[in-house]
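As written, the chain order gives the labels A, B, C, D and E, with residue 1 at the start of each chain.
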Amino acid sequence: MNALQSIGTGLGMALFGWLLQTTISGVTRKVIARIQKRRGPVWYQNFRDIMKLLNKRSVTHGWAFDFGLLVALAGAIGTAMFMPVAGIVAFKGFDNFFMIIYLAALGVFGRALSSGSSGNPLATIGVMRGLTQNIGYKVPYMLLVIALISYYRTSSISEIVELQRVSGWSVLVMPLGFVVAFISLHGMLGKKPFDTYLAPAEIASGPLVEYGGKQLGILMIAHELSVFIEVSLFVNLFLGGGATLPEFLLKYAFIYILSSSLGAVMGRFRIEQVVRFYYKVPIALTIVQILMLAVMRGGVR
Amino acid sequence: MQMNPVLTIALPLILAFTKIMYRRIANLFLVLGSLLNVLVVFFIKEGQYLMGGYAPPFGIVLQVDAYALYSLLVLNVLFAALTILVTKKAENLTSSSLIALAALNGLILTGDLFNLFVFLEIAAIAAIIIASSSKRYHHAFHYMVASIIGSTFYLLGLILLYKQYGTLNMAKMHELMLASPGGSSVAVILIFVGLAVEVKLMPFSGWVKGVLKNADEWIGPMIGAIYGGAMMIVMGRLFTDVFVVSPKVTLLLSILALVTLVGGEAAAYDSEKMREILLYSGVAQSGLEILLILNGYAALSFILILSNMMAKYVMFLLSGYIVNAAGTDVLGDLKGLFRSNPFLGFAFTAAGLSLAGLPLFVGFFIKLNILYNLMMSHSYWLPAIILITSLVEGIYMLRMILGLWQTGLEVQETGIQIISPSNIKTKYAVHAITLILSLAMVVFGLMPDYALDLAQKARGNAVADKPAMMIGMKGGPGQ
Amino acid sequence: MMELLSLSLLFLGMYGLITKHHVLKMIVSMNVMEIGLNLFITSLGYQESHLAPILSSKFPSSALNFVDPLPQSLVLTSIVIGVGTTAVALAFAKKIYMDYGTLDLEKIEGRL
Amino acid sequence: MPKKERPSRFHPVSHTMQTVEVPTEKISPQEQAEAWEKIAHYFRANSLWMLNYCTGCCAIELPLVMTSQYDMERLGMMPMATPRQADILLVTGYASLKTLRRLIYTYEQMGTPKYVVAFGPCAVNGGIYHDAYAVLNRLDLYLPVDLYIAGCMPKPEAVMNGFKRLIELIESGQATGWKDYERRFDWYKSNQLEAVGEVYIHDEFHE
Amino acid sequence: MNIIHLILGLFLAGIAAYGIGRLKPAAASWLTLAASWAALLILFLGGDTLAGGNAWGLLAFKMTPLGWFFSMTLLFVYSTNTFFNLSVPAAPTRQAAYPMLYLISLASTIGVFSAENWLALFIFWEIVLWSSTFMIGFGKPGRGSIIYFGMSLLGSFMMLFAILVMGTAYQTFEVKGALMAAAQSPGPALLVFLLMLFSAMVKLGITPFHIWMPEAYHEAPDHFAPVLAGGLSKLGAFTALMVTSFLPASTLMAQPWQVRGLPLLTYILLTVSAVSIVIGTLMAIKQEDAKKLLAYSSVANSGYIMIGMLMGTPMSVSGALVHLLAHALATTVTFMVMAAVARQTGTTRMDELGGLLHRMPITFLAFLTAILSLVGLPPMLGFVSKWLILQSLASQGLFLVAAAAIFGSIGSLLYAFRILSTVFLGQLKPKHRQVREAPAVLLIPLLLLSGVTLVLGIYPYGLVQYTAKIENSLGFADTVQITGLSIQGNNGNLNALLIMGAFAIGFLIALGIFLKAPKSRKVDLMDTYTGGEFIYSPELYSYSTNFFAPLERVYAGLPEISRLYEALANRVRDLGTLVQYLFFSPLPSRTALLISVVTILLIWGEAI
């Protein structure tokens, strides 16, 4: 059965994404430890954390608290199933950028719903900050991607990857845009200085404040998956994806570790600093980039 | 059976003077007289009626055409209805009311310019006496000064015309003016100003505020609706059937009318009191009517005058009752008034919406046809101005109506009964009359063709009439 | 000449109406205005060396050497009406005085 | 699990707790569950998230333990922001009337399994503050302490050593203070009540 | 049965409802329910081939696919909302007129959508306007109904002007014919196009004309706001779509200025719609009242509809139509939920609510569905439409507009979360401890509407197919394509069923993990992390006022457009005061002066 095969591939992709990202998270923790002159945990530390959490008995604040989590994880898994990696696409022709963004947003919404229903105002404040930040980086990011889509005349990620193989990576098409997209990615990943919405010392890890045990475990799985989606989307869109798996993995690891390392040496912005930065710099750069494209190439076709 | 139209003038006059002998049944005289008049109007046939046996250019003649007849009918019916409703108020004014009726009928019927002046003066004096029944004599005095200046101007203009053309008969005058149009403009302007004082055109209408802002259910409909309508009909008669106005004068006077339209609507928008809103909107409407008359849309202006008269009549009547019951006409204090008087509220609403020109009411089709015809002949700016003023009018009209229906959360229903329950007879009469009038507006709003046809027929042969293309429910041109 | 004189009388009355706030003075002004108007009307009908329009044994036919009789009859009507309005105006003046204790309209308005 | 005899309130608990035997009964589903528990113990032991409740001066030693010199992250330990996420409650010093209430509140908000680590002598018997009017001398009357770390203050080496010991205890399934708290809930509650009165205070400042 | 019978029947039912309502208010509500559902059934069974008819010359009707689509949408909104009419507290205020106005406005909307003649359309349009104004008047006191009426009247008069221009210039009032004639011989066609579009924008609430929306929605009775928001604003889309498709700007503008293949005018209008999205979003984020927030979200969503229609490609028009339906359904549900909340708690202010999820779970679920659809997340219908619109934007390369659309899309997440979190999530206020779930009669429409949103979101193919049919009837050369289960976009395909499937698989996995892991302990809402502090006041332990403060600070200085209108109204007032002062002095001498001066001026003016 073709359909079953596709679904199998999709599930495999999701599983692969989770394994990959959880591993790389562990590795990154080690890298960061090195940066800070520490030894750091073992590379599989994140697996241990997740398993521990899943075996812990915690509290729930009502059905929406759990339901939101399930939506979050389902959204992440569902999105990951569509993600093309190194030429492998589960559902050919449907790996649409807008669909991926919106399905991923469903996961985000599920998370917000869950933490909002915990009744803790710190969680609500955290979500508020996250959403506020969200506008700042998503708008330029999506604008850039729309420029790309308009350039390549397709919104299918795998086709964009294919086209990049022919005409060079998108980073060459829009170098400034790449910088913007990287800043956006940095915010999406919630690395410092843009982890204002978590801010453990300030609002007690914000949206996560009420989670423990399996809820936190599920949330971590969903988080790893969404990081996988974000980073591989970035790699696919701007760095030409990868013809082979190692190439892809290399780019993936490079981007993620770069972002995390940058985060390791920076302090945290206050929320108004985030707003001041994000609502000016990336948007301005994006506009410059699009104008540049328009001038240099006679407009994005 | 056929009756002489002079009866509509003579009958009230006779009753007015015989009444002095029967002071105790004065009311009966008034009611009977006005009802008799209605009856007489039904039996009048169109035609020319000579007075005293002299042929038209020399003797006085009564000109009964469809225009006069329909106006007469509406006027007398409204007047009779008013006398039935407010007999108590009119107790001491029986004579002047009957004289007013006679004078108004005369105004509409007469075919002689000087005779018209006489009726004008009589009507004005009667109106002033009616207006003075509110015991605010300095306002009545104001009215008097204005109307005397007006009639002086009228007479001055008239005599200048006479000097030039040597006749006072309308038909003859028209012929002569057509033959030699030059040089009569000053006289025409003077006559226009003289009548404009009565029809509340704006720079001349300083008296209106004093008289109508304190109007009760007797003065309001009388001065605000019936007098205004009758005077406007006279205006229509003079400026479409009689005078040949030069384009320059038409332009000048049209500007005046436009200023009235805009200024009146703005003033009404600024007001917070019910009667002030009504009186300013009446001023604005008269601007529109004069605009149409001057530019030769006789049929449209005719039907607009009649429908405005009816709507204003209902609204002034009810506002008078409201002030009686509530002691105030500040809109803010009257919230939710119609909740306890839904039928009167319905009548008021229908009249207001018709005045504002909303569909389902007759006012809409009239306004539609006005705009359509203006657009057919002019450029787009005049309809645009009319639409903008209509917008302002719609807003304040609905603000008023909604304010009267709507109860505040903190302000509970006023619970005021517009008509005191003890006065059952009045109650049913008011309900019946206002409801009939407002239903008429709805019916004509649904089937406007009949009314439009009648107006077309009445004014279609008017001399200055531009042939109007009427859009009714049957469909308009191009259908 | 006569026309201009009578017209100036009319304007005088008008001037009075515009400038005066006293009820009685305004009534007087109105009367002056009316008289001016009446004179004007009569003067329009007047023709040099024409006779009064009265049919008598001396002038038995309505020949053309009469002055125009119509303005004179108009003036008659006008005078009657003027008398009537003056009477009503005076009645108002009395009422106003009874109500407000003054005949100065400006003061009355100021009081309201 | 067999009901192990608990010492009375006058005997310190902590010493005996370290010698608890793992019961070995063989019923199939339970056995399966226990096998699973053993795996779970492994994960628990190697991913310890802690909430340091800095009641006293011993907390000053923790930064050293966390940062590059001793780097407790290599043991999988991390500081956490809220009790919901945490596994260990670090009581770094004496417990006073005011802090004990918060300690209990925080402890009860943690998900199970959870462990309490007490620092210094103050948690054992009040230490140098033993006669202060507001200091409660014995922590284990109110909360089940799984591990004491000696020293006033304990040196970072001692702290690291203690953590290692805790990991061993957890891995062998001996750190069962939380079960004890559940089992003898009434006993703990009565002690708490006796010491601080109402735990969840209702007064004008908190309503 | 033809359309005339339908409209006439509804009118008569309305009048009957008034009579019955005077005697027994509940019976009148049942009558509205029966009448509107019957109408829905008739229209549904009749389909878009339902016989038209000709009552009088002017009132001729003919059902078109477009009209049917709109009628069905509005009828569905109206008829589901009748359940809410049932719950109106009857006694204290005499609202016998309400069922009458309700049915009259319903009948008139059908009239608008099936009229063959612009004048008939206008007549019905105006009847809808004043009847709905009166219905708003039944709600809270305030200026909302007047602002609604004033703005709508402005729109109507612009439309009337355009109609009359068409009537005079092309000698026809026929809906399609007049526009076609304008397209054939552009004389005043540009004027017609702009005025028609402006009037539609007023109704839709596009930016410079949107000020009525928050006020009217806020003040409308809770049981009428759903219709107002979900139904009546869609009237504007109807005329706008007809104008843009029969009289496309591309044929009007022969001028050389083009932006990205679109005429400059279209581009400007697109930008206006984009501004509408941005302003609607920003203002929605700022509101403290739930109904006002939703109103501004309507402003933003109308921008999407307008953009879709203005771009005029098959996909964008299809997106606009689907978005219209999605927004109608979703916003109706949200306002209904607010009505239910207001009914149970007595307020719609967000800072007074919270935690209602635990008291009104079913309402919450319906609300969640709707809000997801508003935000445009799968698997709801709103996603399909936003996907279509964004696709067309991307393929046109309209970056400015696209930026606004994206901003609105992400911003909607903000206000959606705000309303969700402050009304349903967070701490339950002690005074709402006793609040119960809304009665079943209110839950029926909620579940019905949100169910349709969900089902159409998962299986939108029939709907999109129908929009293709509409496009055919509007004379589009090609239409949106569907092959099998995928909607073919310009640069990508959409398979809603597949997305739902992937999501469902993910959900099953998540559920598996969740169930396998140890069971959680249920704790009270106040048992949360407080930093060890003891807090017992749920009112204080919630975050709802000034929610997005850091963001709001960024645009605190944004000027409000309503000020412009206020200034305008004040100028009219000033003019009125001036007129009153100049021309209506109480002194007779002033009148005498005016008369003489103006007369002299007139004579002088005549002389020169």
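Quick note on the criterion: a residue touches a chain if its C-beta (ideal position, glycine included) is under 8 Å from a C-beta of that chain, and two chains touch if they have at least 3 such contacts.
Here the structure is a predicted model, which is why all the values come from computation and not from measurement.
Colleague: By the touch rule set out at the top, what is the minimum number of steps from chain A to chain E?
Modeller: Contact-graph shortest path, chain A to chain E, evaluates to 1.
Colleague: Please give the intersection of the contact partners of chain B with those of chain C.
Modeller: Touches both chain B and chain C: E.
Colleague: Quick check for the class: compute each chain's Cα centroid; which one is farthest from the centroid of chain C?
Modeller: The most distant chain relative to chain C turns out to be D.
Colleague: Going by the touch criterion at the top, tell me which pair is linked by more C-beta contacts: B-E or C-E.
Modeller: Per the contact counts, B-E leads.
Colleague: Any idea which chain sits dead centre by C-alpha averages?
Modeller: Centroid comparison flags E as closest.
Colleague: Taking the mean of the CA coordinates per chain, how far is chain A from chain B in Å?
Modeller: Whole-Å distance between the two chain centres: 76.
Colleague: Compute the distance, rounded to whole Å, between the mean C-alpha positions of chain C and chain E.
Modeller: That pair's centroid distance is 68 Å.
Colleague: Can you check how far apart chain D and chain E are, centre to centre, with Cα atoms defining each centre and the answer in Å?
Modeller: About 59 Å, centre to centre.
Colleague: Centroid of chain A to centroid of chain C, CA atoms only: how many Å?
Modeller: So the centre of chain A lies 97 Å away from the centre of chain C.
Colleague: Return the residues of chain A touching two or more other chains; collapse runs of consecutive numbers into ranges.
Modeller: Chain A, residues with two or more chain partners: 55-59, 204, 209-210, 213.
Colleague: Could you list the positions in chain B whose residues touch two or more of the other chains?
Modeller: Those would be 138, 141, 145, 149.
Colleague: Hey, what residues on chain C touch two or more of the other chains?
Modeller: 14, 17, 26, 105, 109
Colleague: According to the definition of touch, which chains form touching pairs?
Modeller: Going through each pair of chains, those in contact are A-D, A-E, B-C, B-E, C-E, D-E.
Colleague: For the complex, give me every residue of chain A touching chain D.
Modeller: 29, 33, 36-42, 45, 48-49, 51-53, 55-59, 200-201, 204-205, 208-213, 216
Colleague: Which chain B residues qualify as touching chain C in the complex?
Modeller: Those in contact with chain C are residues 114, 118, 121-122, 125, 128-129, 132, 135, 137-138, 140-141, 144-145, 148-149, 152, 155-156, 159, 162-163, 168.
Colleague: Which part of chain E faces chain B closely enough to touch in the complex?
Modeller: 56-59, 93-94, 96-97, 117, 119, 122-124, 126-127, 129-130, 133-134, 137-138, 140-141, 145-146, 149-150, 153-154, 157, 160-161, 164-165, 167-168, 171-173, 191, 569, 572-573, 575-577, 579-580, 583-588, 590-592, 594-599, 602-603, 605-606
Colleague: For chain C, which residues count as touching chain B in their complex?
Modeller: 10, 14, 17, 23, 26, 30, 33-34, 37, 40-41, 44, 70-71, 74, 77-78, 81, 84-85, 88-89, 92-93, 95-96, 99-100, 105, 108-109
Colleague: Per the contact definition, I'd like the list of chain D residues that touch chain E in the complex.
Modeller: Per the touch definition, chain D meets chain E at residues 53, 82-84, 101-103, 105-106, 109, 200-202, 206-207.
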